[in-house]
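Shared between the two complexes below is subunit A, which has subunit B as its partner in the first and subunit C in the second.
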Partner chain A sequence: MTWAIELDGLTKSFRGKMAVENLSLNVEAGSILGFLGQNGAGKTTTIKMMLGLLRPDSGGGRILGKSITGESLQVLRKVGYVAEVQQMYGYMSVNEILNFSRQFYSRWNSALIKRYLDFFSLPSKEKIKNLSKGMKTQLALILAMAHEPEVLVLDEPSSGLDPINRQEFLRIILDEISLQGKTVFLSSHQLHDVERVADKVAFINQGRLLDVRSMDNLKTTVKKIRVVFQREPGSSLFSQPGITEVSREGSAYLIAVEENLEGILAEIKKYPYFTLDIIDQNLEEIFIEKVRGDRHE
Partner chain B sequence: MTVMNKALILKELREARWKLVVGTGLLAAMAIGLALVYETIRDFIFMVPQDQLERYGNLFPPNVFTSYSVYIWSQWNAKNLTQIGTILAILTGMSLIAGEFHGQTAGFLLTRPVSRRVVFFSKAAAGAIILVTAVTVSTLTLILTASFTPHSVEAGRLLVAAGITLLGILVIFAVTMLFSTLIEDPVKAGGAAVLVVVLISALGLLAQTRKLSLFTHMNAARYFLGGVFPAVPVVLMALSVIVLLVAGCQIFCKKEV
Partner chain C sequence: MWYYVDPHSGVPIYVQLKEQVKKAVASGLLKEGEQLPSVRELALRLTINPNTVYKVYQELEREGIIETARGLGTFVALKKQKDAALQEAALDRALENLMVEAYQLSVDSKTLKEQFLKKLANWKERLRKGDEDNDMGN
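Take a look at the complex of A and B:
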């Protein structure tokens, strides 16, 4: 397996407050990773360390084999980045910022730029300060893709976009980027968006990586079981590996399962029950469970 | 090893174009004015009674009117060029780095594949271009205007003296750039540079510390009046510029965004 992004023990604190703690994460080349966390969870800090804007207190990493601490220039040549807040030079026009940026890259896809300027209907002579937030995000995406990077790092790219623009944005991520074999590191708390496009998701909370799972694995193994027993089961049932939480809902038990679904079901069925339902979890519910579970620990 | 980038220099020049235009225009206007009003001021000074003239002693020392060249030097290098040049150096330097952080464009700039060293020295080069242009254009304007008067000016010596003054202006620019790197607010960075300039000027007020003041050396009095090229101050000023810029670059390279 080829890793496009390898993060190893990344740690960063600000004035004694831990922002990212010992974060290790690998992203497979050509895949889309959804990097999920609440505001202030450490997503942007992680991204800034990946791009050399912040220096890790300890740990390090590699993007396309280049060290994020020692070879950040080589990293930046191969990475396209869309920041959370699009702060470009407001006095420049769309054309001018494209021309300014192209001078830093050896590759520049003018055809792609033209296609997307037309697609987004971005006025090329308009000053950036006069563009809407959505237009600025679209411009940032064009700037990030123009040099045909192998890795795209998107930090909350769809926040502030209206639903139509968000759909277009996601379609581009899927069609233009992922299908071309590019790796996408998509930080977001727009969980529906991530659910649609990501191959894998990583959950971060309070600077710590909670879990990394493939979307397929999440969809097939992370479930809730709602069961009404005919009589109380033994407590040993709830200590089965893979059960993360057990709660009561009237006479029913709600059992949150992260793995070992088949094994747990087999155990449950040993006890007589009235009803048994397996409830699918969407990414938002899984995310909330993860963060809540982390808080309780 | 590349230390500058043309696109970055052009961007900085564009952002500071009004400083360049206004600074050069103001200096050039002053140059034209002082070249043309020599006789008027001289006649006025001679009309003023001796006791009142002493009040203007600092403004027009008695030997100023011994020759047109000395008058030009005294009003140009020792006054207008130094004063306006200092203000222009602070205005130019204060926003070069701090402006990127204050305007939140540092993240965009520093995620282009260009080294921070190149970014820093391109900005320094753009600032230096503005100052060199303003000083050169205005001094040449002064010499050209003087050539239309019935008096003669020592153009070569005036240009060398302007070069010495320019070096002093670059020291102040480098000090301001250092503050612009340390303080992420252009106004505060400029304020810190003004404080340093005030301290440097204060050194020139006392006879014991006068030699330590940058302004004592950047007016090129020793060269223009004494005929001795101030090699040691020139080397020290040049070294100061280099040391200050290298220090600023080191800080910028470690700066987090």
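Take a look at the complex of A and C:
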């Protein structure tokens, strides 16, 4: 397996407050990783360290084999980045910023730029400060893809986009990046977008990585089991590994499972029961449960 | 064919898509030899990860439901080309699940047999009707 992104023990604090703590994470080349967390969880800080825009207190990493602390210029050349807040020179026109940016790169795909300027109907002579928020995001995506990066890093890219524009935005990423075998790091609290396109999901809360798993694995194994037993089962049942929470109402139990679903089901079925339901969990339910569970610990 | 997935359900997208193709083939909506959309086309149409579509096609190919001809595309496999051993294993798994359910529901074997035969007759009837309606040889 080839890793496009390798992060190892990234740590950063601001004025004594821990922002990111010992974060290690690998992203497979050619895949889409969804990076999920609440506002202030440490997503943007992680991204800035990853791109060499912020120096970690400790830890490090590599993007496409280049060190994020020692070779950040080489990293930036191979990465496209759409920041959460678009900081583009407002006095420049769309054309001017494109010409300005191209000096920094040896590769520059003018055909792609033209295609998407037309597609989004972006007025090339308009000053950036006069563009709508959505248009600025679209322009930022074009700028991020223009040098044909191997890795695309997106920090809350869909803020400011309406549902139709959001769908278009995702489709372009699938077409221009994913289908070309390139890697996407998608940080978002737009769970719906992540749920559609991510191969893997990483959950971050209060600066710490809670879990990294494939979306398919999450949806296959994170479940709730509602079971009504005929008589009381042994309490050892609930100490099975993978069970995160058990609540009880009369003879009915609601068992939250995070791993080992098959094993747990096999154990449950050893006791006679009246009904047994497995309740599927979507990404939003899984996300909320994870963050809530982390707070309780 | 009209493909549909609900990315926000608790069922993985690849499972939804795979089941959909299998059902479409079983019901004759997708005919033997019919071409499926390319990975790229389907991923963009559904706005889902191409790796997901690729995984579905790979698994369906392994199960002998579709086949890929290099450079030509992906097609619904001809029935006789299905791997007999795989077919038997898949059927065995399905039957095993049925037995477990029947056992849990305390259904005796006589009732199970009766209901099974009834279901089979019913299914045959539906297939026959389908043939008449659509003139699809089966």
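Note that in this section the second predicted complex is superposed on the first by the 294 of 297 C-alpha atoms of A that agree within 3 Å, B and C clash if a C-alpha of one lies under 4 Å from a C-alpha of the other, contacts with A are read in each partner's own complex, and residues count from 1 in each chain.
Everything below uses one rule, namely that a residue touches a chain if its C-beta (ideal position, glycine included) is under 8 Å from a C-beta of that chain, and two chains touch if they have at least 3 such contacts.
A quick note: this is a predicted structure, and the numbers were derived from the prediction, not measured.
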item	value
Touched partner set for A:220, first subunit B, second subunit C, both or neither	second
Touched partner set for A:199, first subunit B, second subunit C, both or neither	second
Touching partner for A:48 - first (subunit B), second (subunit C), both, neither	first
Partner chain(s) touched by A:77 [first = subunit B, second = subunit C, both, neither]	first
Which superposed partner A:281 touches (first subunit B, second subunit C, both, neither)	second
Contacts of A:89 with subunit B and subunit C, given as first, second, both or neither	first
Subunit A residues touched by each partner, larger count belonging to subunit B or subunit C	C
First, second, both or neither for A:105, with subunit B first and subunit C second	first
Partner chain in contact with A:31 - subunit B first, subunit C second, else both or neither	second
Which of subunit B and subunit C A:174 touches, first, second, both or neither	second
Residue ranges of subunit C in contact with subunit A within the complex	7-15, 40, 43-44, 47-52, 104
Subunit A-facing residues of subunit B, complex	5-7, 11, 14-15, 103-105, 107-108, 110-115, 254, 256-257
Of subunit A, residues touching subunit B in the complex	48, 51-55, 73-74, 76-77, 81, 83, 85, 87-89, 91, 100-101, 103-105
Subunit C contact footprint on subunit A (complex, rising order)	30-32, 167, 170-171, 174-175, 178-179, 192, 195-199, 215-216, 219-220, 223, 269, 273, 276, 279-285
